[in-house]
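Take a look at this one; I'll ask things after.
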């Protein structure tokens, strides 16, 4: 972990209640896919943990949903303003075990971390198949970006069928993948868990106090013992998950 | 009282730890000399009451000292930012009783309200004699501005003698004035009270909750009963003051 | 916290006026009843932050409020504490006003009649005392005033030595005050409770058992600030009462627990600053909600809350506020 | 509040180690002693906000701290409460972790030895329990560990049902725990007190009378938040402990009153976030100061405080922190 002060290069609406923020400054070391940053917002006591969507030498991109006062305030920040950010948080996805056909399944703001992951997997010469789930057409984002990365297939699902496949991500899962990576609301994770035979990795969300392992605010039970979502996670391997075994 | 959102036109250091802020927007009705405004600062719960130094149709000028976190934060606000301000607070000075030779005695940030007062008195054809007290030369401000208004005399005193008369305002009071108006720290007000035979008016400071008479946070005793500094004051006439009678 | 509570606590009783209460509740989504008396909305400026309404009536029509609780009244006139009486804190403030008020005679002969000019509804009379007699005398006088709709008996002022607070920090004296006051009052009596206690639930239950028609909570939390350059307390009274958003979570948990334990209506207060806070407080179990410090830093706070309520209710799918009272408490 | 207190409470006793305390106090302006043990400065990260130090040792050399109080330890391992365990508040947060910890055996066999790699000073061992036996057993085990310099006995955890809290909400059980623990400990025993009580002074005095070497306060204030879209409490535990700047004024007034009433040192905590807060807390009567929630939102909070202290002391004309302990209390 590292505390850095990053400048806002861009902060714009890219879908319904969905903002993309591009930050510049010292973003070293390069964030791993699945890692998150923790952002201080004036007037709010706790930082906002947001997973990294993309990163290169100079810029770090996050995509966040306006869900409350804190993200509302963030959405109003202007280009040029500086943010107090803790970077390099969380374990991130392990791409070494993916095999050559990786299935990426994202739901809502669970999609962004999969973008950096797709980039990494493709750079490792692996085939990426993406399924991106949303509630409705107005909330869809990054379909083209995943295609542009060179994903073998990008399937969008919407609950109301206003775009792509009608239904949930589990209604559009391709066959023949060697491994899966997923991030999204817990009901979706559970559905994916039940739907897929292959191994995979899940990225979890939990309310956090610190985001770096000090407060025990985001503990969960795993087959290998208690883990802190913020530091031992947010990514857990399928075989570590106990709570859904039945 | 009125709640208005005013834009910062200027916010600059004019003396040691002393800032002048010029605000533009709806400042009607025209502030009376001795009235104050109550300013909301992000991150601080209570507003900051600051007396009006000057005002014309479009702009309102205040001078404030950086004494704590709130004023520190105010001092960092940039031109163009908008402030939530309650205007038209307090009773202000009564110029109708001044006679033709008015003595104005200010100490530190007690000086600013006397500037608008001097302007008013001179516009009413009265002679103004100003005594402005500071601790040291680096804190002196508005000597020239009072002269430019056409004050008959402007005397500066500094405790360390680094500028003007060495000592306190009471060491430099001119004779032959018909009435006095004063604003400054309470020890100075007490000294003025004892030093001058003529009648006059005092502007008081007190920690306020609301600034508009609701909370009874700034009550004081007067010969005419309990008064709220924020609404029945901040200006009290000499004959109203009980506490210094001995 | 474990207490089960299926029925919303609107304090309805089988009396004619409750029909009115019922009707008014059906009449509009924001309507509630407090001890059987209808309110067009649950928003009530808290005692000591709204004076007698005059300062705010100059800014907006205060008849849009459910009602308001006027400045704490004592038998004799009081100057209160020396100044400074106010200190700032993170997300809040300390006050140690010390019950400054002109005394019940002047309140009845001057303040309440003046109030009639700009406030057409029944008002809540807030009462403090230093002895059982004080409470009984002052409450009886105010109960007889037609304009008074409720009596809010403050047994919890933290800023008067040997004063109200001592009655509010244990169950027995609080109950004594309650039953004594009830004997002389026809109007609903609401006991205002202190949060500076180990077990506010037992005190609330004792007041209920003693005949209280309602309880209101929380009064301010005892707090302090020190001027580190002067090396002495900021307040002349040394300690003061903390209010503002800082105390909201404390207020919420106490309202939640008390509402689960008593059948009489609970008036929730403590740091409420916006329409969402009102709804959160009601979901904790409040039948009505007092707004305090917010009035001081934003004189239009209550106006804004009242105007925003319907929109916020829509956003959260709330048809009638009376339906959400205590919903968060599923035992 | 009326208690006179002329002597700063540095907890000095006529024992050899105090000579060291004295020396260290003379040695530097920030030096203080806690129960006779010298501290290079009064800054102590609070239990539950600093783990066992490892996360922070990666960020800075934590040997700059006076010491730190490690995660609350119980006899048996505990998972703690279900999640969510954290909720945000104005100028603060609620936590309901519920004493998650690996149990005293693992703490002694794994955590404390690991701690030795990055922290060379004595550490404060924070202990919780569910019975008198628990407290005695766990304290005796930790007292025997060379690395442990002080025992901080938490009789005030608000987040475990039938747990520590019940011992801390009245004088008698708190005193019972104190004397039982004192019987088996050679190291200074500091009792951590709950603010959720009517009279914290009487509890502190009872602990002092029972042999406590010091008291630390305040633990968190009981609080709650409700998710108004889900219409249920935000925390799985429903209520949680409020910490952060919001509670600072409450902590300050309790430290002020307790320090005036006891002769043993008082460790002040509650919302302390900067060097000025440390000084304000010491002027209220704290001999040392714990920093809690601030570590979570700013991992460098304690480092910044320690580094800023000398500069802030200069600004306020403070030569030795040990001189300002309780100066605001002139009776």
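Couple of notes before you dig in:
The first chain written gets the first letter, and so on, giving A, B, C and D; residue counts start at 1 in each chain.
We adopt the following convention: contacts are C-beta pairs under 8 Å (C-beta built on N, C-alpha and C of every residue); 3 or more make two chains touch, one makes a residue touch a chain.
Because the structure is a prediction, the values reported are computed rather than measured.
Inter-chain centre distance (chain B to chain C, centres taken as mean C-alpha positions): 37 Å. Each chain gets one centre point, the mean of its Cα atoms, and the points for chain B and chain D are 46 Å apart. Shown for chain B are the residues that touch two or more other chains, of which there are none.
Multi-chain contact residues of chain D (touching two or more other chains) are listed as 87, 89-92, 244-245. Judged by the touch criterion defined above, the protein chains form a single closed ring in which each chain touches exactly two others. Chain pairs that touch one another, listed by label: A-B, A-D, B-C, C-D. Within the complex, the chain B residues that touch chain A are 42-43. Chain A makes touch with chain D in their complex at residues 1, 3, 40, 44-47, 70, 86, 206-210, 212-221, 226, 231.
Chain D contributes residues 1, 87, 89-92, 94, 169-170, 196-199, 221-226, 228-229, 231-233, 238-239, 242, 244-250, 252-253, 256, 271, 276, 279-280, 283-284, 316, 324, 327-328, 330 to its touches with chain C in the complex. Those residues of chain C that touch chain B in the shared complex are 48-51, 55-56, 58-59, 71, 79-80, 83-93, 95, 97, 100, 234, 244-245, 293, 295-297, 299-300.
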